[in-house]
Amino acid sequence: MTEAADPQRCAELARDSMYLSDYASQALGIEIVAISPGRATATMTVRKDMLNGFGMCHGGLVTTLADTAFAFACNSYGETTVAAGFDAEFVQAVKLADCLTAEAIEQSRAGRLGLYDVTVRNQRGEVVAFLRGRSYRLRGKPPAGA
Amino acid sequence: MTEAADPQRCAELARDSMYLSDYASQALGIEIVAISPGRATATMTVRKDMLNGFGMCHGGLVTTLADTAFAFACNSYGETTVAAGFDAEFVQAVKLADCLTAEAIEQSRAGRLGLYDVTVRNQRGEVVAFLRGRSYRLRGKPPAGA
Amino acid sequence: MTEAADPQRCAELARDSMYLSDYASQALGIEIVAISPGRATATMTVRKDMLNGFGMCHGGLVTTLADTAFAFACNSYGETTVAAGFDAEFVQAVKLADCLTAEAIEQSRAGRLGLYDVTVRNQRGEVVAFLRGRSYRLRGKPPAGA
Amino acid sequence: MTEAADPQRCAELARDSMYLSDYASQALGIEIVAISPGRATATMTVRKDMLNGFGMCHGGLVTTLADTAFAFACNSYGETTVAAGFDAEFVQAVKLADCLTAEAIEQSRAGRLGLYDVTVRNQRGEVVAFLRGRSYRLRGKPPAGA
């Protein structure tokens, strides 16, 4: 099954393969609720063991949710792609029991580099964080072989 | 106890107060192994439930470790300070059972803004990630009151 | 004239006041072609004295155009606001005589902090760069008094 | 002359080749005062035509100086390398006639990606800005052929 053959099917296979062994996302209750070429949406509900010393959701875990959406989006073409880095901005506090949705959208793909914008919203639709992810494609190995 | 009276004691009190309710860092086994005004060092050992779909440590959790070090460093003056955002760069893969150490060092503090550089190394001393954190000081409430 | 009285007029006055002494933007031929509360659009045509050692437009000058759009957008409320920093991403090379348009749009404004996304396109409408700007509002002085 | 043969000579040749046609840096009075493998130092004196609407040096031009140092550092191995992006932080205002020095130091180089930290200081040695540059190596063409 190649990308050209059926991009949507390719994205779904990459998601299934990655999620199966993504123990970190599983442990945090992160689910991939949508996937398509260059796009992914992930959700997470804030638990007590996700709070920081100020009683808010730890920014690192909001970032982990966003990073997961980014990872599934940039691997949706079936070629092993890793995060080279990202820029995260926190614009509103996240509280216990908040239901977060992170939507990753591809902005650019050229050579081995890709750029993805992730917006994280709470259950009221308010933006709580932005993440701009930079991906680097490895030598075409399928995720399963990584 | 004011900052002027004993900055080191102030940093230790802020650390104790924050860590007590930092359930996220506790759940990830993150420990604050050093604290001083404008500096903090945190450690984390990579567990199976921290791996991503490629069998490596999830970049979001490497970031969470770095973000924790950043948070303790920027709150070491006893004034409630939050992360406005950060830039993260991943330069080497992190594997199961790796012992990571994140060292946060203040680079600048002016008005309500602060800038902190965090370097994350593995047990061989190799750098695996850099994080540049941007902090924003709230209106002087002690962390305990946040 | 207060912001509440007429936000659009306020934005235009801020633009006029700032541009008058913005010798850097003037020297680069940058023009502010649109302004409104939280938004600004700036243009620049690439001259020979803007090329880098590879014969392309110097990335710093593409950034300067984007930064100008960002500065006018975040000062459009008539309160002195400075750039605390930004993240820039270059996705396509820019050539001699290219006509660039940078559009800045506010994404968030809370407390003294603001977040602005700038997209830079060439004359064919292709995105050449993204800039995400972080602003910091000073103590309410009008730009003219800065 | 290969990198292995004499890295320092290679860095100097790359600098000479790039600077000759770097009209942007020349127009801004930027000089490359030091070069070695993975490192470069550039200077610039703030002129009136570099001021922004607040009478300070335009942040985009402080960035251009830092970006130039970054570009020379990441091209010091004689392989054409471009800026994929950078994160800039401004920590102190820069004034007319200030003499700025930007020092770029390589932090990481792996595959086609590189990471460079640039610190910009004024004539009093005070840090005015930080830039963290991300480079992408093209297919080994010498700068002269770019």
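Chains here go by letter, A, B, C and D, matching the order in which they are written, and residues are numbered from 1 within each.
Operating definition for what follows: a residue touches a chain if its C-beta (ideal position, glycine included) is under 8 Å from a C-beta of that chain, and two chains touch if they have at least 3 such contacts.
Note that this is a predicted model, so its numbers are computed, not measured.
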| item | value |
| --- | --- |
| Taking each chain's C-alpha mean as its centre, the one farthest from chain C | B |
| Pair with more cross-chain C-beta pairs in contact, given B-D and B-C | B-D |
| Separation of chain A from chain B, taking each centre as the mean of its C-alpha atoms, in whole Å | 22 |
| Centre-to-centre distance between chain D and chain B (centres being mean Cα positions), rounded to whole Å | 30 |
| Separation of chain B from chain C, taking each centre as the mean of its C-alpha atoms, in whole Å | 33 |
| Residue numbers of chain D (touch at least two other chains) | 84-85, 87, 89, 134 |
| Interfacial residue positions of chain D with respect to chain A in the complex | 84-85, 87, 111-113, 134, 136 |
| Residues on chain A engaged by chain C in the complex (per definition of touch) | 87, 89, 91-92, 107-108, 110, 115, 127, 130, 132, 134 |
| Contacting residues of chain B [partner chain A, same complex] | 17-27, 48-55, 57-61, 63-68, 71, 75, 80, 82-90, 93, 143, 146 |
